[in-house]
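Two complexes follow with chain A in common, the first pairing it with chain B and the second with chain C.
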Partner chain A sequence: MIRNRKYILLQIIAVAIISVPFILDDKYIFHIAVMSGIYMILSMSLNVQLGFTGLFSFGHAAFYGIGAYASALLTRDLGLPFVAAFILSGLFTAFIGTLIALPALRLKGIFLAIGTMCFNEIFCLLSTNLESLTGGPAGLPDIPVPSVFGLEITQPKDYYILITLLVLVTYKVFDNLIKSRHGRALTSIRDDEIAARAIGVNITNYKIKVFAITAFFAGLSGSFFAHYLSYISPSNFALSESFNLMAMIALGGIGNLPGSIVGAGILVIIPEVFRFLQDYRELIYGLTIVLIVLLLPQGIIGWISGLLHRQQTSQDLAGSPKKFSVETILHRI
Partner chain B sequence: MNTFVKKIAGLLSVGVLSIGLLAGCGSGSDKASKDDNIIYLGAAGPFTGDNAEYGTEWKKGFDIALEEINAKGVAGGKKLQIIYEDTQSDPKQSATVAQKFVKNDKIYAVFCDFTTNSTWSAAPIYQKAGLVQLAPNPSHPQLTKPGNYIFQLCPTQADQAKALSTLAVDELKAKKIAVIYLNTDFGKAVKDNVVTAAKAKGVEIAGEESYLPTDKDFKAQLTKIKTGNPEVIVLGSYYTDGALIVKQARDLGINAQFIASSSVHSPALFQLGGSAVNGLITMSVFNVSNPGETLKNFSAKYSSKYKANEPDTFATQAYDAIRLIANAINKTYEKNKKVTRQGIRDELASTKDFPAASQDSITYSANRQLENAKLYPIIAKDGKFLPYKK
Partner chain C sequence: MVLAELKNISKDFGGITALKEIDMVVRQGGIHGLIGPNGAGKTTLFNIISGNYDATGGDLLFEGNSILKLRNDERVGLGIVRTFQNIRLFPSFSVLDHVKMGFHRRASANWLSSILWLNNTKKEESWIEEESRHLLKKVGLESFAQQQAKNLSYGNQRRLEIARALAAKPKLLLLDEPAAGLNESEVRTLLEQIREIHAEGITIILVEHDMNLVMEVSDQITVLSHGQKIAEGSANEIRNNPIVIREYLGTGKIEC
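For the complex of A and B:
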């Protein structure tokens, strides 16, 4: 019964998403939707790292930036077509992710957090100072407009369709990953490393793979961002961006994939929505986030599904990712 | 906290969110009402965040200009009005605001933005929509490259560097100079241009040190500079960091002459730097020693309205920005009997000898940058900027 209802709900959402470009023609709204999409991919990939594997990475914005710079340089300076640059930048970011994972995984808990934070900072300093390659603090302007198999993409509406597809693909990939044997291995690492090792899970191997795959998707969204705005500069990928992503997954629910989508959507949309408050908008924005994180430690989606399934709580909640919340994380650190 | 209170509070915060959503949708679309007697202009700048103080100065300059212009009316008695949108001079937000402005066909020109990064990230959007993007403050020499709808109002770093190196070499007779600069596109441009210009004049560069926008302690950089023993130190800084650098340098016993780009030209320099900034020479974009009518008028109004000594660069450029647009609106209205975005661009591009406050007169070059930009050396002394004379 519940399964059925869920299915219908999903169908309604899908129809709504697909029909939007046909009813509405507002570039501003599409722009916000595209930006939300970019952050949805980023926060989903971070959530797989943090929420499902328990790796505290505060350097996600650096992977995002590596993808953006790689794609910009490949198309702008080497003349590669967008599709090739898009995939290559993802692969390149995954490669860097693997390289970072090798030393970083010797660190645990808060030390990993600090290590990845430093990685983010190093990336920013490099992109600011390697002027011949990255354009320095002024960034890289004139990134070519993407064309997909001969079709030039110029309107925010076209980008919206592309990013929607990309978000769906990302969701499907991560969802399958989590529900697979490998996903269970990841959750076991998160819950208890020693126990996981005891039942034969190759921890290091899994952690490196998680870093690689999440970096791959962060790189893809970076590439998309670079071509969408056609201008990037180091300030887009600063440490504050990593914290922003953290806030998104905390808001939606840590260890909750749909939660990341909702969290990213909300955090991109709220500052726009509160524009009418003028100078007070940041205040209200901050206040809302503090309230939600404080009062709904399982995130918005966790809270809503908690309300919906109140009757079958006890056995359903046991062992589900919802147990893994902001509080657990703080506790662990 | 008991669960009941928790639930109520949770409901409340989600409620606030959804009310915000509704309110935002309602007010966002209707900000520019359908009054045909008003011509709207957009201002996208740092009104909150790290650079908010510069955005505040913009508003002051805008307000004075609007009072003057609206007393007479533009394009046959219409009024000008500004729609403010905050970007925090963050490139990402600047692009978002750009999308918001271009879709609003009541907006005829836009002031955007405070930094080169945020100007460039919005540039493709304004360019595609054919909306004038007048950037009041950025001074990057290539600022107007992205398209023919971008206009620059500040003398470029190339102009500044020429003036600064002339000052250091020809007036102060320095043999060794050092540069401390903010590691952003702005500071970098100051450094590159000064170093190139100084080297061309055969001056030794005794040190080049950079710092990050968040830095508050510059002792490491200064100690390194001190070993080079320069006679003149050039600052590529804004006034907040510039004041701190000079103060810390004096504490370290560095007695070199400081000279700085025009971005430190603000009365706030004295509040932050105290007596340490005495003797600092900087460049003024406006003619302090022999002010024209426009500048005199603006200074007087600014002082009486905001109870301040004198306007800074940011307020003055904001004041000019609106007057330039108003002038273009009037001219295109005279010619075509209507106002269009395209018309404003064409008239703005052909601006010639326009009497202004931030420069004595403004003429746009083919690159939409200031032609023959002039800079005036000024020296900081006991809380005031005085014209510098040898």
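For the complex of A and C:
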């Protein structure tokens, strides 16, 4: 009963937040909201990989970029409709994700982190230097406006509706995955590989699949990004972007799906709010991350749900299961 | 009826021979004790049967088929499930989730079905939930279902690890020193539990230092020492075997 009421309350809050941009009805607000949405999908998928499976991937921005370039080239140069290119670029990115996973999974912990970092760098170098394909450092301009089943998407408001739907679908997909036996298997790999194997989890298979599915969603958000801005360049997908995503999931809570939504939202909005500080806003950005990691190692959502749990049951001292803090991650490395 | 058979199993770690040409027959429905002094190779043998290590030589048959080439997780699918000497639980899992994890190989819903939460995933998840709670009740841990496993007492953690293994519906259950670190009364409960598992028709291989426990439950005992099999037989035979006595108690000569 209480749980049900809480669920309804959460839904009301979600609807309220989603409707804010409509109330303000401002192009700039819509733009920030769309960018938040893109980062929400990226950070949720990275969180499934890092937070739930324990794979330190610092190359997520490369998957984002692969999706973006794939979709841009498919529509611009091959003339495919947006919907087809959107899905194909997701699938293509998933394919690349699988290819990357095969060698990468020989690496563990910090070595995997370095390996995936290199992958991100390789992607950037390729996209900068393969001028005939990617346009080089100047990027790819004139990416067609998306049209969904005959409807051209041109207004920021329409983009916003589209990305909101996409965020909800992504959330639902990952939430279902995590609730299922496959999600338990992923978390068991994070917790103890030997024990996971001893209870029947095919670790390699799961790691490859998790690379594929998270790359798929990174690719989708890349495709959306490309068509939204209609211009992409290698700098959009640099290594710093991967670190950015890492900060988002640390902020919201590692191994916490709603946390990634909140984390991405906050870290997209903060630099905008502090725009008046000009270059100093980077300072605020960094300070926020450091403070969160120091004060709320379980992330914002982990902290809030910890508070709620303490009120609910005094018995359950450790709060809810499936917590995983920055500290544990660092400890692991 | 033979369930598992080890033929000439050897294992080297670099230049060190951990196991040398071990032959062992595990009968269906029995409790097979595996004893020996520290460093005798008991856990190594366990790791080879469960698939954590590859044997350097020899063959391993399970229900008549060679399984030496199968991975650890594939052997779980066949029904060979183990527990660990130093309990290996998942730190972030609740007690209930541990048992659910045991059902991993018995469930079949694929990723697509799980992602879309299709009917068969829905059905399977509620089946797993129900069965898991049932199993928890059976081992007496149902009141801890939502707690994190790491908050359980040591004895209960052991019991949970065994429950997780049972959830996988083993044909052959490998218990690696299940009584280690347990107090007298916990050992009694463990004994009961082993008997219950046995009564369900599950074959057990038991590595144990607690001689009373091994002698009491095992119908067949293999003694290892320095990687070699030195004796095999019923509890009584082992108890009176002069080689075993010498291995455990020494020969009476004082060597400097």
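FYI, the second predicted complex is superposed on the first by the 306 of 333 C-alpha atoms of A that agree within 3 Å, B and C clash if a C-alpha of one lies under 4 Å from a C-alpha of the other, contacts with A are read in each partner's own complex, and residues count from 1 in each chain.
Everything below uses one rule, namely that contacts are C-beta pairs under 8 Å (C-beta built on N, C-alpha and C of every residue); 3 or more make two chains touch, one makes a residue touch a chain.
No experiment lies behind these values; they were computed from the predicted model shown.
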{"item": "Which superposed partner A:201 touches (first chain B, second chain C, both, neither)", "value": "second"}
{"item": "Partner chain(s) touched by A:192 [first = chain B, second = chain C, both, neither]", "value": "second"}
{"item": "Partner chain(s) touched by A:156 [first = chain B, second = chain C, both, neither]", "value": "first"}
{"item": "Touch count on chain A, higher of chain B and chain C", "value": "B"}
{"item": "Partner chain in contact with A:209 - chain B first, chain C second, else both or neither", "value": "second"}
{"item": "Touching partner for A:184 - first (chain B), second (chain C), both, neither", "value": "second"}
{"item": "First (chain B), second (chain C), both or neither touched by A:46", "value": "neither"}
{"item": "Footprint overlap on chain A, comparing chain B with chain C", "value": "none"}
{"item": "Residue ranges of chain B in contact with chain A within the complex", "value": "6, 9-10, 12-14, 16-17, 20-21, 23-25, 27-28, 47-49, 84-86, 90-93, 95-96, 99-100, 102-103, 116-117, 120-121, 123-124, 128, 140, 145-146, 183-185, 187-189"}
{"item": "List of chain C residues in touch with chain A within their complex", "value": "50, 52, 71-74, 76-77, 81-82, 84, 88-94, 97, 100-105, 107, 109, 111, 114-117, 121, 124-125, 128, 146-148, 150-151, 164-165, 168"}
{"item": "Residues on chain A engaged by chain B in the complex (per definition of touch)", "value": "26-28, 31-32, 35, 128-129, 131, 136-139, 141-142, 154, 156, 229-231, 233, 235-236, 266, 269-276, 278-279, 281-282, 284, 288, 291-292, 295-296, 300, 303"}
{"item": "Partner chain C, residues of chain A touching it in the complex", "value": "173, 176-177, 179-185, 187-188, 190-192, 194-203, 209, 213, 255, 316-318, 321-324"}
